[in-house]
């Protein structure tokens, strides 16, 4: 409901081509569809550039089936994150057209609605260690379904600093770089020091002792001495992908 | 020292136009200048797009004078952040060409080296309350000195939700939005839900009790239910500006 | 044992119609019934308006059976919270008149003792996301058994701010509003900014990374910039319902 | 801008008695007045029952003077919280009609606009120790300026349990009870166990060692075994008063 | 090896009745017996009044069997704490003379070596709720095996303050009182305010949300406004019993 | 008001020697004297064995003068803890009979009311380092004014383990040992391992980095591997002394 | 690629014996081998003295098989840490030459490549309790495979201080001492006070209540009053062994 | 009191050249000298290789004077750490032979007792930023006074990774490297990845927001992905120097 639309609606009221009650109704109605106790927000994509994506973690398989069935009928990709293998199997019994990505923990469908290239360039995803791969996969798949080009550099943590230095060119050519790291979370600082692209840090919960849960990596990234770096929640590959898409989006 | 330069250097060695020791020396020398125990990194701007900026918080006024004097001679803007009024007065006795911005706590000089418009569009800075203004000023000034266009929306916190909703157009036209908020830090979630631009959240230490120090605002932003949002450290207006500049930079 | 009762008892002693030992006994006896090592407090309802409710989390099914059997004989509703499905099944083998509510995790009985309408108006329960429903159900059922009218608004989080704004009328007509939210916990701030009713915030443990456990939502609500809001413990739907009942109670 | 107003406005447009641009303007204009970079929200009282109150903690005396001068012209009481004695003296040089309350740290004016009795009954404020008095005074003054009746019980902590038990009648007759306590914060649990009125707990930062900052008292109140209790931020006497006013308000 | 023993040993050396090497050996040998990689400390009882008690939590059933078999041969009671039902069953296959106490999670044997009454009076154990019973049982059994008289008051939390007030006499006659409470942990403050006996507070991990883990109860007890109270670790019924035994011990 | 007194009072009512209103009055009146907003609890000593002691930290010098003047008239020692040198000087201008102990931060008076020896033996106070002396002095003075014998062992931390081992005899002869330590707080574990007396650990806020505030020492003492040890709040020398007095008290 | 190698390479270019592209290639190539998404760093041993060791915790058994197969072909020992018994069994089905050490949770192979004695002396490993043995075993095995001599002192915690004091000679003769302790973590302080060897503290997660997770032990070690002590992460026996090897290594 | 000494003493007793009481006395006396309430440990150097060093933070200038005067008479260097400029001036009025080092915050004297070179090689001290210099100076001076050779690399943080890479040779030739860093504390990980020397990480409290206090840097170092690294407390330059000395010490 932008200004143009509003101006047109009011003109129609002035002209007598619509009724007052219709205008009143329009002004109060919003494109939300209720599925039992869920409110689906089909216009989110127009508003924010990111379609409604289902956060699967705290939903039962029954709740997921209800929501996904309704979304499958819409002209949009279907993405559900943080779905365990067990829950995915239950959901797919009712929605066999879904594909499950075990490493990323995602369910996807409606691939024909993946938009054409939406980006100004390539998003580079970097991981510090092979334990960070599940988070990287969540980010990569999300970007793919949002219509962005992705390149990956894996297992390039700072304990062997030459591994990331050998990929400086790739990093400098990126439109945006996602750096995923657990433990001390130092890799984003190094990357932000050698590229002009904006860097999104994703701390992961990989670690033990004081590193368990990912707080060590999160603090490391928030306190980086390298400017040009911002951070998302621990293990939030999806959020990093959405931020990267917002940055990379051509207007 | 990019590949082109390296290739040329090695050709010269092959040609005999330079000596082996010179090449060896070049390969080991980096454009760093030592000022007492500080290493100035004059090539940082080429590498990351952000010039060397002085973090004033833990430096004595004597240390600041030494570093700033050397930077004033370089063809670059001079920026020092987190400088108290008292320390600024001491520094300006030795470097009278510096200008002090008390709300932002910054010292600046060499305005003639502010680059021309570096951005693809406008960076919008939004604050939740008037107590967040110092952080906003640090961000605004930094963006100005890096050559970016800025617009501001102030005092638009969620307790009166109409204040931010009335500015939807400005938010939707931005290339990137910086949202600065203390207390519960909820404003970035609302903004990220109504614009397609990438949003950078800056938690501030405004608050008391459990809000003291800004952790409440930080957690609020990290756990936002709105995708398209990333976060910098508490009170880090400078870091938000650098991230915004990296995003807004035209290539 | 109020002043009237005491005055009457002492008069009887004066009159010689009761013995000194009886008075002494009355002054020391309190209406508490011991069930093994539990002390049931049947007068709690008279004292605080809220009957004895069983907190099931750390009790064995055997302990629950003992206590519930004794309560079933009293002229009061029977409510047990935080009972897992497995434990509920074991208890119901001994007390088949109990009904189990799986989403709320509650056991109930003695519905004939639900009091008539106790309230001055309607309690509105609002959730930010569908993952908050179990907590909402615990609150809704508790209010129902305490004799209060309830209305619900679900899945109205701030990422799509229009969802809650479209329900302003319902919120403004409530006597009290319970707002249940996880992640950044921002919804109570928005609600408290658009209604004059007192708002009770319930943070939920829905989230991951820094949001795990519900501390992020709790801090968000404690530090709200909107006055007219108070908070209960994480996931404490029962406590929110009791506070709402105390507020809504007609005198 | 309620529905009645909107319906009337649209009718006028239909009637031709107003211009389209005027309607458009009205729909976008909100009763917010800008004072430099502050947005005063004069309609807040209509919307939430609580007038705009100035949070003085992070504002300079100059900022306070600007805002207060504008508010003094409005038909409303003027309240500023968390104003130090020093800052208050500076502000009163420009606004001599202000009165300073040193124990509460508040500035007030426009007493002629204190509304008549707004409440259904009396708000009782209880403190555990005499160190909690500043927070109690902030709550008491706020309630007074919002038009509510207040009674106080001081220095009644649980170390001498008879002190609070001797005041049971006062507690049971209250419409709402505010209980203010530092250290272990146990008093609200005891009070909520002996009254049917809703209880608002206010933890205070009184204490040392593990009690410093008020977290011990906050946790004690959030985890109370007594239902009918909700909590506000540490030292937040103002917030407790607003919640109490919302509960006590007659409709 | 006390002074008397040492003086005698040295005299013997002087007398020539023992060899120098023997003395040297005695001075270096200590009454510790090695069981594989465990060092049993059989003289601990003489030194501290508390015999060697086995902490079962991190030991395998095989480790437990090894240690217990050796202890069964000593003239002392055998106590093992924090033994799960499953592990207990495995151990009892090899040591059938052990008795398992499921609520306390303890294995005991050698009851004939329980010492006669060691105390100056009675230790009173008080719990706030029935969920605290396992910790109370660990304390009660430990005191029993150390030779102390115990009395119990159960389910007497502050939400119904009359429950503990009705037992003032018992509390005032105790030599020492152990108060066990989860959630807000307020009961020890009330008890310490009505008895002259030393009070040992034991926080329990009973609770959820911010109360999970027992930190809320621990902080409540450490910050008690009642003097005459000290605290042991969360759920540490054994430690409370040892402290109570040390206090109650007659000399 | 014990049972004997109550029985006598009721007999008098039966006999007609007192009026009903007098009895009613007695049953409701408690020996509390109000000083402005403070409730002095003169019977506390009878109830708990510890007289009313003034916690000076959050009280103004004016508040202290009011309370102390009233207490000076009572037949009891006067003790005020946590009084700064500056505040003490102000108070002593109005109450010159007070004595100030700068290391302990205490004001004392009415020494003629120090009770005769109240203890079964000697309380030993041990410190790990000389920085712990202020806390030790608070404990020592409190015990002295409560009528207990004290002996001290200073600067005996575990970095030179022979320092405490050389004092084993003193530790073994004590009725109770207070061990005061900052940093890692290991000394109480060692002491509890070599004496049968109950040990009270007092963590101090001596330290820096992760040791600042005393949490490291507190955790060390709560998790001691030595039984027979309980803990009070950080820097709480007064609380340790009260616990020691309760233990040492002869009955 | 050290200076000698570089000088030689450049000479060859000068001489014309190698091509420019070959030099360019050499300067950019590093001895890293890619196994799917893992980068094996075979030169790490030359660079840091510690070979590539596999951190098994977050890797699937399939990932482990891939990496280990490639490493088995190299002339180096194979070490994988933090491998559960279940995962180990799966891996050994594909790599039967591996040996599993259940207490340490390690897989090892290629014992013929264990280097000859690399150390200047003996590394002593000390544990406070038998629950710390798994961490000690991880350290002991790692040191063995790195070619160092190890001696062990077990179950020597501070509750029986004579147990460690009787081993002073062994501690004083060590080149480096690793001290492993949970709970209050006091043993490293005592050890560092009686030996001149550098001490590495390893906190373990053995404990419960406030000791759960090992933070209490970690803080105890970081705040030790004994100099000559440094700390590694909780339960990090591997890290302690690597630090000890670096210290003990002869040059 | 080593074995040789003991054997000799006992022989003398056997020979009758010393009395039994003398031996008894020797066995109980330890070389500790009492200065008021301080126990000076003059034999510490023999036992641990590190002389008694005065921790000045919590000591008054009067306490410092007492202790230092006694130490000046001993044949050892005098070192006092964490002495503020103000306190140093007061102390030097009584002990003018002391020298004050303002950046390190240390007082030193008795330079003639600095031992000759005690080390196997050179200790390298590295800082990430110029704000870390005070901690580096504390470490450098301590090592100097303990008789070790030191080299320094300053301002070499990971934001400009070439700064540390250009010093690889120095790092590889060190016997031990101390790496001092605040903010994200990433530099030790990089250094430990490029040298075989043991690395001691020192987190500093340089930073703000989530970095304030140094916890971010501490966690970064504890969770380093590079083996061969151990950590000391935040800002503990003295502790790092003592650990480095213990490692570097030749035997």
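To keep things simple, chains are lettered A, B, C, D, E, F, G and H as they appear, and every chain counts its residues starting from 1.
Methods note: contacts are C-beta pairs under 8 Å (C-beta built on N, C-alpha and C of every residue); 3 or more make two chains touch, one makes a residue touch a chain.
Just so it is clear, the structure is predicted and the values come from calculations on it, not from any experiment.
Peer 1: Need the graph distance between subunit C and subunit G over the touch network, please.
Peer 2: 2
Peer 1: Superimpose the Cα atoms of subunit D on the matching ones in subunit G and note the rotation angle, 0 to 180, in steps of 5 degrees.
Peer 2: Roughly 180 degrees of rotation.
Peer 1: Where the centre means the average of the CA atoms, what chain is farthest from subunit E?
Peer 2: Chain B.
Peer 1: Looking at chain pairs B-H and F-G, which one is connected by more C-beta pairs in contact?
Peer 2: Looking at contacts between chains, F-G has the larger number.
Peer 1: What is the distance, in whole Å, between the centres of subunit E and subunit F, each centre taken as the mean of its C-alpha atoms?
Peer 2: 26
Peer 1: Just the number, please: Cα centre separation of subunit A and subunit E in whole Å.
Peer 2: About 54 Å separates the centre of subunit A from that of subunit E.
Peer 1: Do you know which subunit E residues sit against two or more other chains?
Peer 2: In subunit E, residues 129, 160, 192-194, 209-211, 215, 218, 222-223, 226, 233 touch at least two other chains, as defined above.
Peer 1: Using the touch rule from the top of the page, what pairs of chains touch, sorted by label?
Peer 2: All touching pairs, sorted by chain label, are A-B, A-C, A-D, A-G, A-H, B-C, B-D, B-G, B-H, C-D, C-E, C-F, D-E, D-F, E-F, E-G, E-H, F-G, F-H, G-H.
Peer 1: Looking at the complex, which residues from subunit C come into contact with subunit F?
Peer 2: Where subunit C meets subunit F, its residues are 3, 6-7, 10-11, 13-14, 16, 20, 23-24, 27.
Peer 1: Enumerate the contact residues on subunit A facing subunit G in the complex.
Peer 2: Contact set of subunit A toward subunit G: 129-131, 133, 152, 154-156, 160, 162-163, 166, 206, 208-212.
Peer 1: Please name which positions on subunit G make contact with subunit H in the complex.
Peer 2: 3, 47-50, 53, 120-121, 169, 175-176, 192-200, 218, 222-223, 226-233, 238-240, 242-243, 245-247, 249, 251
Peer 1: Which bits of subunit D are touching subunit B when the two form their complex?
Peer 2: It is residues 28, 30, 32, 37-39, 41, 44, 55, 57-59, 63, 82, 203, 205, 213-215, 218, 233-236 of subunit D that touch subunit B.
Peer 1: Going by the contact rule set out above, which residues of subunit F touch subunit G in the complex?
Peer 2: 128-129, 157-161, 165, 183-186, 189-190, 192-194, 207, 209-211, 215-217, 219-226
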